[in-house]
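Chain lettering (A, B and C) follows the sequence in which the chains are written, and residue indices restart at 1 in each chain.
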Amino acid sequence: MSPAKHYTLTELAELLEVRLEGDGDCVIRGLAPLADAGDGELSFLSNPAYATQLTQSNAAAVILAEKSAGSFSGNKLVSANPYVTFARATQLFDRGVDEARGIHPSAVIDPSAQIGEGVSIGAHAVVGADVRIGANSRLETGVVVGRGCSLGDDVLLHAKVVLYHDVKLGNRVTIHASSIIGADGFGFAFDGEKSIKIAQLGSVLIGDDVEIGAATTIDRGALQNTVIGDGVKIDNQVQIGHNCVIGKHTVICGCVALAGSVTVGQYCIFGGASGAVGHITVADRVQVSAMTLLSKSVQEPGVVSSGTLATPTQEWKRNALRFQQLDSIAKRLKELERKLD
Amino acid sequence: MSPAKHYTLTELAELLEVRLEGDGDCVIRGLAPLADAGDGELSFLSNPAYATQLTQSNAAAVILAEKSAGSFSGNKLVSANPYVTFARATQLFDRGVDEARGIHPSAVIDPSAQIGEGVSIGAHAVVGADVRIGANSRLETGVVVGRGCSLGDDVLLHAKVVLYHDVKLGNRVTIHASSIIGADGFGFAFDGEKSIKIAQLGSVLIGDDVEIGAATTIDRGALQNTVIGDGVKIDNQVQIGHNCVIGKHTVICGCVALAGSVTVGQYCIFGGASGAVGHITVADRVQVSAMTLLSKSVQEPGVVSSGTLATPTQEWKRNALRFQQLDSIAKRLKELERKLD
Amino acid sequence: MSPAKHYTLTELAELLEVRLEGDGDCVIRGLAPLADAGDGELSFLSNPAYATQLTQSNAAAVILAEKSAGSFSGNKLVSANPYVTFARATQLFDRGVDEARGIHPSAVIDPSAQIGEGVSIGAHAVVGADVRIGANSRLETGVVVGRGCSLGDDVLLHAKVVLYHDVKLGNRVTIHASSIIGADGFGFAFDGEKSIKIAQLGSVLIGDDVEIGAATTIDRGALQNTVIGDGVKIDNQVQIGHNCVIGKHTVICGCVALAGSVTVGQYCIFGGASGAVGHITVADRVQVSAMTLLSKSVQEPGVVSSGTLATPTQEWKRNALRFQQLDSIAKRLKELERKLD
């Protein structure tokens, strides 16, 4: 087990590349929100909504912006972007990552697989024929890597991840437990009586610095590949259909459902449980609100929403029934306007 | 394999703590709905909508309330709460639970793990360092318990469940196959070009008597813990974001998506595929209808809904297009009212 | 690893049972869309929207209908249903299916299990007591088959699939990675203070020629069985509640959520992320649009939809707020009409 970590403020300022104001020997053992932080705990202020908590905080030190520095009398780490500095600080205190542990004897590894230096492979993992795994990658317990897959350096596959055959992952890709990359896209041709399987002959290409949550599925392409760009972040329980192409640095929150052949631009954000029908295109920097469905392409950057707001069910029901008359209401209104003109 | 189970009505009345009217020697071998039950089968009446089926039922015996006892001439188990008595009866006939089987030789268990009395650990399961497992708990095939986890007594983890490090489960917790507890919450700080990972330093605490379905994900907290209260029941394919706090005895149906930092009260019910955006609070005893999105806090008990009703698509489309004019319709209506006044 | 496959056009015409026009010795090594296909690649035209691409395509050969044959001067495979012929052609080029490999020594198989001829069982798979597996079935890495399950011939269970006890699968059933069949349905009786478990005593019956995607869950019935008809196709991340009955050849797209006891007809299509509340019936040949919720039974064939269309959030919000006044708007409109009459 990784021991608990601790740093002096001098060490932290150096590691985080920020300016220290205060006691450099002060030892920090963890992070906490402003309202809860106490002895040995580092906190941060990035959202101005919490500024009032700053003066009263008992944090041993606070990461903050130059402009807020005057509001806190204790130790400070002054940063141009406190939230990014906070993110880097959390990484320093992370105890989730174990030391490399080599290859567990219960792992089943095809002799043709090329395993890089410093690779860890956990118990009951299975690595197929002609697989390449880059340096310092880690496959946790029960991971399955299908034949012909290629993994870059510093890849982390958590427990039970399944890669079907011929999937390619870039460097520094992290995939959380039980996600499945490269299962067959959902393609059938209907012959009038039954559905005939369209074998899915493409694969999945995932760029560098991609993180994928738990229990997410990304299907292999039908004839061509499904492609996930560099820096994309995908949450849990997401479904990405065959032949989707996701632009760099796009963020996809939990439970999003993208049908097949959706082309998404760069720096988009799909809110939780949102979705898109197949064969549409989404421009760069589009933000899709939670539980919104895109049923056609979005050409311009901006925020889009669908649905209605939650209200007490009795009220909602009256309004929802009237929604069924909405076209008629609009026509009747127009008729009244005509009469009154 | 557990053999089929059978009981006399005298035995059942005693086990279920209800009053028997009829033949105590009658042997019951299973349960069935009123309309289907026959020889050797026990049925129940709890929903008055099915009262007409009672007189015609061929059930060997029926669990029913005092007030319905006159409508059935056969054997009766008279209960103050027939549905609860039925639930208890199903448990008596359950063949899904095998006998304890000890620890399978293919399981990989860290020598520092503390394994309670009567624990079963299935094939290919992996138990990490410093884990504690309480008495009579069962880990089925391929379960992964990360280092530092703590499990109470009588915990049942079905096949392929993954607990990341330092997760705590109370007593009598059941988790169905392939659910993942304690994967990283979805937290990134955007530096203007890319997303910087916020290491997730909290964990997940799950109370007593919690049941969690299959393929559900509950993320670990960012700085503090995600907390699931005693008696909470969660269905399949649910996503619970980091730092959510779920009150005791709340029920969460399939495919619900809760974003991060949602605080839910006690005795709430989230209908299937409903959801909530992040950082909101839901009062006690709120019921959220299926596929409803909470986009702000709910302060009062009651039932809430959003969305529109399904109708033939051609009609729906006309109304949905008019929805885009709704604000204008309201204003034009007001203008007409003004003119007519 | 399966070597790359190739066929002459004469071979393909025979295998696909279509008419060849052109050079029978031309060797085909893969499939590609019309716009991308080149040397050695077979393409197809089924959607008339792509007809303009036909004349300019560099495909080595094209699958097309009689009526389109005049528009392409190269090699042709003339088919009565080009899309179905294309589907069959993809199967000929599929490299995803490995040769049978026998039973891996790390698999744990109960001695009472009956294993058919030609069955493959992958590493770390577990097969319980009294299981029957038909001829030529394949269980990939880490599959779990609970006691008493019965699998037909030519069943393919991808990595980490979990079948709980007593599940029955027909012939030629394919289930993708990490799907879970037969976990407990979500049933509890509330006693006024807490939820009492209703043991789920039914099972799951799956017909012939069913394909199920990855990370999908189909729950076992409460007293009776959950039933999936012959030829049904189910995508990834789908949740099917206990006691659902799905008619033959129905298609269920990704992320669909069906609550308990939903009875669905034959040849229905559930679009992505659509759903249905419990205890309703859906007629044959109903199509449910993406993210549509069925909150009551659908009696007639046809397409149904719910929800609103995605628009820029500022516009949407104004309209969504007005939705809350919709019943009042309708009443006020009626009042104006009365006044003007």
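By definition in this document, contacts are C-beta pairs under 8 Å (C-beta built on N, C-alpha and C of every residue); 3 or more make two chains touch, one makes a residue touch a chain.
The model shown is predicted, which means the values in this text are computed figures rather than measured ones.
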{"item": "Fitted rotation between chain A and its twin chain C in degrees, CA, nearest 5", "value": "120"}
{"item": "Same-site or different-site touching of chain B by its copy chain C, using the half cut", "value": "different"}
{"item": "Length of the line joining the C-alpha centres of chain B and chain C, rounded to whole Å", "value": "26"}
{"item": "Multi-chain contact residues (two or more partners), chain B", "value": "106, 124, 142, 160, 178, 215, 237, 255, 273, 291, 307-309, 311, 321, 323, 325-326, 329, 333, 336, 340"}
{"item": "Contact set on chain A toward chain C in their complex", "value": "106, 108, 124, 126, 129-130, 142, 144, 147-148, 160, 162, 164-165, 178, 180, 183-184, 186-191, 193-201, 215, 217, 219, 222-224, 237, 239, 241, 255, 257, 259, 273, 275, 277, 288-289, 291-295, 298, 302-309, 311, 315, 318-319, 321-323, 325-326, 329, 332-333, 336, 339-340"}
{"item": "Contact set on chain B toward chain C in their complex", "value": "1, 30-33, 36, 81, 83-84, 86-88, 90-91, 93-96, 98, 104, 106, 122-124, 140-142, 158-160, 176-178, 209, 211, 213-215, 231, 233, 235-237, 249, 251, 253-255, 271-273, 290-291, 307-313, 316-317, 320-321, 323-327, 329-330, 333, 336-337, 340"}
